[in-house]
């Protein structure tokens, strides 16, 4: 292993955060000169891997539950903290579809991509929202489930599903900014998607020091601003 | 729910294996017999699904057969066939994905059959078809079994492709491997364990009976 | 009638060998191919049956073209209506004896022929036995039965009786001859056994190094100087027993051993193992039918 | 970065195939030759990795060899061996995962060898080992090739297990299939396309040359 | 010295057959196993070599136990120092001729033996040829060379010359005999050819349905009533040519054809194809050495 690699801190990143994370890291590196690497996948898998001793230094989750579990089992330096609240959007890449709650019931919508409520916080929020709106039972047969927010994006982006619920950070990301149409779901209609981060234990003091710097940076004003640009609310 | 996903897995594996057997055996035979210069190219093509990571394969299938693609639209408009988020899509994907597992062993079985068997059947005036079914196939039973077991098992263990194009629909595309994955992700390890255990025991039982039967029939032949 | 001219390069003990033959078979002919190991006998049968493509030449059966190098015609083996006994038997290991023979029947209802053959080859009790468990001679008989079961027009037999004991061999020789005559087959037999050849063949083609060097009725091929007026045999000395004035030679002629008494001096130069000519000027044999 | 992950994939596939060849061939031979009553059980066990969905397998490997497990701790403490999130772990997992792909075809190859070949070698006073290397192996070349190609290709396409126990570490466990998946997840389709394309072409070239060489050498034998 | 008692149930043409034999071989013996197809000859060789386990009995070689059913001893074939020519040759298809023979050498430096055998079997120019491209007789010669190359103590030959022409056969018979004597081998030969047996064997064991029914020197086995004082042959009528008062019979005896002239009436009952006894009361042959 080269010096450089072992120096870098490894940030386990929930899929919905990957776009914002690029900007966060860039700013952080610019400020401190500390190298960062990300490992992106669903929060659930990251949790399982951390439990098995994965060499990650900071865990940026999509919810509060996973970091809490890990902390209880002694993987964290301190109690996890919420760094942002996620925002749910309804997104389509088809020019012919104007996203709205009503259009979901129409016949031209055959599939609605939803994150799996069992494992993804955005899925839970979607379910809650649709139930409140009294549409859940009607639409249930149209759901297709993605195991993470990425899978949902894939379904929507490829047009396999005409429309779907995803994170606002996705539609605001540089790559997706001008693709398709989206509307934001009223945050009052679902309980907050509290996204928390956990500073993980490490045997090397230097790494831990750097990781803590990043962890603290995540709650800084600068970070907040970036997060807001990606549609996260504080 | 557990049983639903298991049943789905089994159904998928059975249908896929059956289709593959029908497609793969003649293909394997052709590959073993052809003297065409292009043979290595065909052999390589048959092997490609192996090399492509399942998610990659799944991703391109998603793009190729999605509603926004030409093929996807065409199939839907003219045949009412939807290949993403549907069981038939999984079957198609699994057939592509497991093709080499059926073709390879059977081809190697055909290749190692002594040529004089074929010659003898021809000399008795038997057509190529008769010779194929009555002489060639029965004499490569171990290879056929290998092909069937590999394809069947591989389809049961199929995951990446299904993850990509399945959409995790209960009763339609939520096969056992996906259901287990869900439980693991949700940190419901005990559910995952139960399901894995059932899948394991079931598969073990199926395979064991295949091997037991096979062993007996081989014993009868070779003594 | 089959007319053919076959040419193909083979590798042989003396390096490259050009197989180059040219012959004609009339319907009902019983021809024997005779020649050294590696002379090309099997190769000729394979070409006739369509398993091996000649490099040049043709095979015409009556007005049908089976093979023609120039016109690039090569009739598949299935259409040539032949019966072929392979030197290595080539039985189907997935079938038992009975199934091997039944498989060869052109029509399923022809079971009578099959049954007759099984009986004749003395395979009745073994009919359900797997091929792998058969003795060499049993395999050879199954191969023969399988080839005969479809009553081919052209019968090609590659040493079909080499692994059989004398009694079985004689019985099958007779059966083959009977079939040959009853169905007016055209038969080519490869054999190394002059007695068999003389008994069975109308005509012998002697093959040497890929060329036919002699053709003729078997007696003239094998008897040359033996068929002279006087009676003479070639034989081998198995033992020499010296007594006081005389010596007794045990001489093997065919399967028969004769004793010959001579003056000791006269045959002092003859030893055990020597090849000898046994002749008699005045020989008037008594011939009696056996059985 | 692209080249790093490709090189890693290739390295993994090569090492795994080599190991599997060394382990799988004797195992296959034993399975083909044994008259033990327990043979079907062993055959089933060898097939199990096939049936277990890769993520399930990966998950249990993760649990078994993770830092919090007894085995994982033991290996780390006494041998300094870390099997999760490390290249050696990927090798181990791939060996387990691809075992049936090596064993099955080779076993079926051995089974269809005529018994008299072995007998002839023994009758010449040759030991079992000599017979194995000089007579058995050279006479099942098509089956060996099938085993090698299937294992190699399957390791290249390996995804589920690596995803679970690899941890996606650049230069260590981020093999090509994972890298492509990453790009797809990040919606960087053009990167994913490029990488897939390179992987495809590379694999195609490797397989094609294997088949070309094999075809030539077989031609030499059978003419 | 090898002593053995072998028992095993086999399936045979008459249903189940118990192979049950009991014999002894002395060092230097040349024994022939003779018997009908399916009598159990190959099975005996397989048991002696260790390829087939008897159900009961024993095989003792001097003080070594090769097999003992009671004591559950079964010495592996490799340790029995045998040479075996299989009825189906069993050549290694992955090796060419030369490699097949070299493979059999106990020591690599023994190339001289191998070269001598290749020369003798007239395989020199074919040495690099693949097994699949050999003629039947060539394969048989390679199998024989391979078995001889390791100079075994016990040589088991299962119809090793059946596919060979007369000349080659005679040459190899002599070579086998020479080897047998030079190295003081113990040899068991399976053969269907009485002439071959009489020439080669010290002792014949006649096998019928799995039992040894006769044992003795070949001459006494094959000549019984033939070795009487008077001269007589069995033969077969190949042709009968009727002239005015006389008929001429062409009779095949061994490979020789003789003509016999008789009065027409006297032999009116003899037809083509009949087996006949040819005898002469006063026969005083002249024996001359050939060459």
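So that you can tell them apart, the chains are marked A, B, C, D and E in the order they are listed, and the count of residues begins at 1 in each.
Following the convention adopted for this analysis, a residue touches a chain if its C-beta (ideal position, glycine included) is under 8 Å from a C-beta of that chain, and two chains touch if they have at least 3 such contacts.
The model shown is predicted, which means the values in this text are computed figures rather than measured ones.
Participant: Spelling it out: a chain qualifies if it touches chain B and also touches chain E; which chains qualify?
Facilitator: Joint contacts, listed by label: C, D.
Participant: Would you kindly count the fewest steps from chain A to chain C, each step being a jump to a chain that touches the current one?
Facilitator: 2
Participant: If you average the CA coordinates per chain, which chain's centre is most distant from that of chain C?
Facilitator: In terms of C-alpha centroids, the chain at the greatest distance from chain C is A.
Participant: How many angstrom between the C-alpha centroids of chain B and chain A?
Facilitator: Centres of chain A and chain B (C-alpha means) sit 36 Å apart.
Participant: So what's the Cα centroid distance for chain A and chain E, whole Å?
Facilitator: 86
Participant: Hey, how far is the Cα centre of chain B from the one of chain D, in Å?
Facilitator: Each chain reduced to its C-alpha mean, chain B and chain D end up 19 Å apart.
Participant: Identify all positions of chain E at which a residue touches two or more other chains, and write them in rising order.
Facilitator: Within chain E, residues 88, 133 contact more than one other chain.
Participant: Identify all positions of chain B at which a residue touches two or more other chains, and write them in rising order.
Facilitator: Answer for chain B, listing residues that touch two or more other chains: 59, 181, 184, 222.
Participant: For chain A, jot down the residues that touch at least 2 other chains.
Facilitator: 45, 48, 154
Participant: Can you name every pair of chains that touch?
Facilitator: Those chain pairs satisfying the definition are A-B, A-D, B-C, B-D, C-E, D-E.
Participant: Per the contact definition, I'd like the list of chain A residues that touch chain D in the complex.
Facilitator: Spelled out, the residues of chain A in touch with chain D are 1, 5, 10, 15, 18-19, 37, 39-41, 45, 48-49, 51-56, 148, 150, 153-154, 157, 170, 173, 175-176.
Participant: Name, in rising order, each residue of chain C that touches chain B in their complex.
Facilitator: Residue positions touching the partner: 49-51, 76-78, 81-84, 86, 88, 90-95, 103-104, 106, 130, 132-133, 146-147, 150.
Participant: Which of the residues in chain D come into contact with chain A in the complex?
Facilitator: 59, 62-63, 65-69, 72, 82, 84-85, 163-165, 167-172, 182, 184-188
Participant: Flag every residue of chain B that touches chain D in the complex, lowest number first.
Facilitator: Interface residues on chain B, with respect to chain D: 39-41, 43-44, 47-48, 50-56, 59-60, 100-101, 104-105, 107-109, 111-113, 115, 140, 142-143, 145-146, 149-150, 153-154, 156-160, 176-177, 180-181, 184, 192, 196, 199-200, 203-204, 207-208, 211-212, 214-215, 218, 222.
Participant: Mind listing the chain E positions that touch chain C in their complex?
Facilitator: Touch residues, chain E against chain C: 11-15, 34-38, 41-43, 87-88, 122-126, 129, 133, 135-138, 140-141, 158-159, 162-169, 192, 194-195, 198-199, 219, 222-223, 226-227, 229, 231-234, 236, 238-239, 249-260, 262, 267, 269-270, 274-281, 283-291.
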